[in-house]
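Everything below concerns the one structure shown next.
Chain nomenclature is as follows: A, B, C, D, E and F, assigned in order of appearance, with residue numbering initiated at 1 for each chain independently.
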Amino acid sequence: MHLRVIVPVIGDTFAQSVGAEITAWVSHGTTFDVVALARGTASIESEYDEALAAPGILDRIDEASSDGVDAVFVTCFGDPAVHAAREIADYPVVGGFEPAVLHALSLGERVGIITVLPNVLPMLRSLTRRYGLSERIGCIRVVDLPVLGLEDHELLLDRLHAEASEAVAKGEADVIVLGCTGMLGVAAALQRRLEENGTYVPVVDPTGAAVSWLESSVRLGVRPSRTTYMRPPVKARSV
Amino acid sequence: MHLRVIVPVIGDTFAQSVGAEITAWVSHGTTFDVVALARGTASIESEYDEALAAPGILDRIDEASSDGVDAVFVTCFGDPAVHAAREIADYPVVGGFEPAVLHALSLGERVGIITVLPNVLPMLRSLTRRYGLSERIGCIRVVDLPVLGLEDHELLLDRLHAEASEAVAKGEADVIVLGCTGMLGVAAALQRRLEENGTYVPVVDPTGAAVSWLESSVRLGVRPSRTTYMRPPVKARSV
Amino acid sequence: MHLRVIVPVIGDTFAQSVGAEITAWVSHGTTFDVVALARGTASIESEYDEALAAPGILDRIDEASSDGVDAVFVTCFGDPAVHAAREIADYPVVGGFEPAVLHALSLGERVGIITVLPNVLPMLRSLTRRYGLSERIGCIRVVDLPVLGLEDHELLLDRLHAEASEAVAKGEADVIVLGCTGMLGVAAALQRRLEENGTYVPVVDPTGAAVSWLESSVRLGVRPSRTTYMRPPVKARSV
Amino acid sequence: MHLRVIVPVIGDTFAQSVGAEITAWVSHGTTFDVVALARGTASIESEYDEALAAPGILDRIDEASSDGVDAVFVTCFGDPAVHAAREIADYPVVGGFEPAVLHALSLGERVGIITVLPNVLPMLRSLTRRYGLSERIGCIRVVDLPVLGLEDHELLLDRLHAEASEAVAKGEADVIVLGCTGMLGVAAALQRRLEENGTYVPVVDPTGAAVSWLESSVRLGVRPSRTTYMRPPVKARSV
Amino acid sequence: MHLRVIVPVIGDTFAQSVGAEITAWVSHGTTFDVVALARGTASIESEYDEALAAPGILDRIDEASSDGVDAVFVTCFGDPAVHAAREIADYPVVGGFEPAVLHALSLGERVGIITVLPNVLPMLRSLTRRYGLSERIGCIRVVDLPVLGLEDHELLLDRLHAEASEAVAKGEADVIVLGCTGMLGVAAALQRRLEENGTYVPVVDPTGAAVSWLESSVRLGVRPSRTTYMRPPVKARSV
Amino acid sequence: MHLRVIVPVIGDTFAQSVGAEITAWVSHGTTFDVVALARGTASIESEYDEALAAPGILDRIDEASSDGVDAVFVTCFGDPAVHAAREIADYPVVGGFEPAVLHALSLGERVGIITVLPNVLPMLRSLTRRYGLSERIGCIRVVDLPVLGLEDHELLLDRLHAEASEAVAKGEADVIVLGCTGMLGVAAALQRRLEENGTYVPVVDPTGAAVSWLESSVRLGVRPSRTTYMRPPVKARSV
């Protein structure tokens, strides 16, 4: 299968690191390519950014459809334009939230999400309610670092560990989900540190979860339902 | 106070009828103007349309901020780009869903929404969950007419009446909310027809509810909270 | 339109201050009068008080019906006898809870209510569940002052500010609702103080919200649904 | 133990039949007396009736406290004034809803309530939400007979059977609760008829459930919590 | 009536103390006997223990059916095998959770459960959700003592008091339920200590609640619904 | 990786067909073996069967641990003994419900489950509440065939199609989950038939979903959380 990874921002800041990460997660036999946006924002940290990025993401979905890819990963935890994309795609499309959180639900009772900035908390809480999952999300916390400030892995790991430890100690989380797809390559290290503190708590990497999810969807022969994601009626559109 | 009405579609199909309707609803002393989008879609009937319309709506919000308006009504029941707009606006902004449905909650136990096409049902159910109001929304039904096919008032009224009557008879609704801001000028007539059937059931017009809501917000001296709608961080944006 | 304000207590302690406050909130063209109860309690701070006040409130509703008023505001945050009143009234009737909380829901994600005494907390939590709004009410706090001890505005404001600041800091509230209609004339000052602390958080005054709501209802041409609020069957009544 | 039964209506219509019924349910060693109201309504079939009956019920609670009874049953399914009563009583007080519905929850998954008139449906749905039990109440249906029209046991039984059978067949109920304490002496017969149709479905009599509940409360040495039901502050009251 | 008490563990550690406790709770005229398991575990403190105990409990249910008992109490707060038992029993069967928690719901708004070890917290939270009671359970806390370490009543009482006091002070509980049926004979003492601290908060003993519940069920003439608890189809079983 | 498939019934009825099915779903490089139970029941169609099968399943978990497998699939949709197993396993363990339903949640709004007999409906509804997923499960329906009567694929497919079509037409489902792991090899055919009716609705095969889920878990390096699934305390156990 061929997977298209859409990095929903302008510029190629993430292209290389995302590519390396996807390479690490895909199964034998899965090929992929990574594309950024021609129009959008430098990062997504608000509903405003998400709204501005949407048309650029949907451009890439159109291309993916023309290119005949098997599945698309929009690599952002806020699931930007993902539901719109499913209305026009005949193949599985996911963002970062759904696969990571749904996988986490099978690993422990309360899921704790740790994301970047306070700005995105209302968005993630809205997604949680939209998806009907409030009963199982124990907390949504932040490391208080912007998306473009995640490259210092030691700092990131320290903050993730501080938040995760506190969430576990207070009974707010039994499983940790990294709440930003820009938190690349730290899930395993965080899980190890938490276990060294005395208790095994799984940490779900959203990139890994999304890649697995898409491969599973293709293997299961399923794609988005047309009764939820109906094709948009034909009309004049100028964007 | 001065109210800016954003008709979130391209073209001026709705400008005149929306203007006439707003004129009928505003209080003495409220002035307003109506603008359509420079980029977007001809109507909004899917998440896809909503995503494509968002940047054009946010352009108009920027203008409204520069123009120093007191409040903005994005006249579409799906509340497109409304939450993004609140992140950048220092004045009240509403779409059609929130004011109509929240007002309806004070009139009866179960709110029945009647909208245009099946395509928008998942969107409206998602909004219902996002807003945490599922316990009180008794049904969401459709007249099965596209937004651009609502101008035949008799046909529209017949279908609204059929759906509303059935919803009331089945115990799915105690209050009816018209679920499309394009259903102009029919709320009172529908309410009258329902009452002639024997029972008074209020019908909430989303345009009237939104205008009242914005005037109330201005009078109360309130605007969107900055802990929910934080200002988007500065960054490169190219849309 | 003519608005009848029912102060649901005996004695005329509140008549003047409520009258002054209503004067400040009504639109141009709205007239009103204020009546207290002939039978009831000196203040409402328990379900017991609410139960004892109910017949006296319903007496005033009967009078309002005879007098042909356009809308009634029962000025108490616990919505005492409001649902019973709607069964016998052919015009909008609200208490303090519904309009203030429903308006607040459009301003931010989590609503924080600050009321008078711990005694009324269970009542307000019961109303929250009854109205199906639990998902959005972030906290209900108290200033620990009785209704008849709210006239010291500085003390009241200090306590409101302390509670509101803590609620916002702990992520329990994005919007503040004053949870007692006796907290007259302090909403704007509280909002200002909170903003001076660094973040804009809207504060909703329940009297202003109720007046706006009733005027909006009249303008929208709606009143309580007869499928929720059916007319009580005829029978012997002696109270 | 001595049980006080408050029939929350004026007149002695129910005194004898209620007394006979209580006699059938009490344990060996429990004594009781039955009192009606000095002020109130002839029956309770609306929030309006409930509001008017409340002071008369609270008069009887005061008397019960003076008389040193061990527990009080307010024999109406709408739990009128029950929460107010608990604020002033130092002994268990229940209405008809809580003991019947809570007992039913241990007998099957979905509880179906069958009550008298459509008028009381919104009240019972409000109680259901207030008590946080919506997930387990499968349906609330009516026999469409007024409280004062329940004495024809055959007619009542036929209608109960029709509603209960349909509720069970449609998967809306696994346990039936009689939703009016005036439906005296028919629970066992209804249970028998349902079983003759092929499936055992328990039917809970609210009078029996309340008597058992109160006896259990006394045996367990518990009464209403003072953190939920705080004593009303002292103040002028004139009712 | 004759009550069978199943102590769902191997060994006769609890036989005598449970027998003494039941003797204290049963009504005049109720006889009972106590049986432990022939196969199972020494105590139940995990889903693992519960799963291993289930067949041994069901053996005892088979015996109870043969012996013609009127009701069965499986004396463990986790309700082990209780739902399976109801599928094969024609009489009331309860564990410790349902009767205690359901009774508590009528005594105050928020129920606080205090159990033995952290290990059982996920089980009890799962039961809470399964029973649809999450809105009313304010907290589940532990004394951090194993089931086989509860015989030191002073230590147990001190820890229960510490947890209960904190739960009440933090607004997490209005009623306390002892969350282990091995916490014998301490409910009244805990209730007294809490009241001496200044506020009356009821404490529900799960053994007393279960005995009362079963006697009430027999008196009401009800047993588990056959639409929830259908008879298991005939098939080969070898355990 | 090596996967252990536990068919949680006695006898080898399913061994061959399950083996063939797993072969079809596993990735290149995954090996597996299939084991049935030494003690248990011939099929699982009630809580009673589930309780009786649990110790036999846990025996197989012990063996799997000794054998050093990488993951375990307990191939039954009721997730029998799965939570108990996670307390003693240091590798991923799933049944049929979790992976299928969680995957389905990403494909459409409302999930419809179609299972075997009415007997298991209460169990599956209980699981739905336990997992906190009620808001998204649109219906649970039955083909009314026993587990041991599923081998007639044409009959099974006809009944699945009838139920699925009706669920979709009535707006109860946007995604179909086969609610019994014994419904082998029919998911793709059902999906095809539904699409031939005019609308694409995905059908999730629980065996395929479970295999994918376990492989994903291993790839993600995660296993059950030790704060939800704590190790059972050491004690005497005799089963």
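Going forward, a contact is a pair of C-beta atoms (placed from the backbone, for glycine too) under 8 Å apart; a residue touches a chain by one contact, two chains touch by 3 or more.
Which protein is which chain? UniProt says A, B, C, D, E, F = Aspartate/glutamate racemase family protein.
Nothing here was measured: the structure is a model prediction, and the numbers come from that model.
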Which chains lie in contact with each of chain B and chain E? A, C, D, F
Please state, in steps, how far chain F lies from chain A along the shortest route of touching chains. 1
Listed by label, which chains are in contact with chain A and with chain D? B, C, E, F
Can you grab the rotation angle between chain C and chain F? Superpose on CA, round to the nearest 5°. 180
I need the pair from C-E, D-E or B-F whose contacts repeat those of A-F. Over half of the residue-number contact pairs should coincide. D-E
Quick check: how many Å separate the C-alpha centres of chain C and chain D? 31
For chain B paired with chain D, centre-to-centre distance based on mean C-alpha positions, whole Å: 43
Where in chain D do residues touch at least two different other chains? 109, 122, 126, 129, 131-132, 134-135, 174, 228-229
Where do chains touch, given as pairs? A-B, A-C, A-E, A-F, B-C, B-D, B-F, C-D, C-E, D-E, D-F, E-F
Residue positions on chain D within touch of chain B in the complex are 122, 125-126, 129, 134
If we count contacts the way the header does, which residues on chain D are in touch with chain C in the complex? 10-11, 39-43, 45-52, 54-58, 81, 83-84, 87-88, 117-119, 122, 126, 129-132, 146, 148, 228-230, 232-233, 235-239
Residues of chain F touching chain A in their complex? 25, 27-29, 94, 98-99, 102-103, 105-110, 131-136, 168, 174-175, 187-188, 191, 199-205, 208-209, 212-213, 215-217, 219-229
Per the contact definition, I'd like the list of chain A residues that touch chain E in the complex. 109, 135, 174
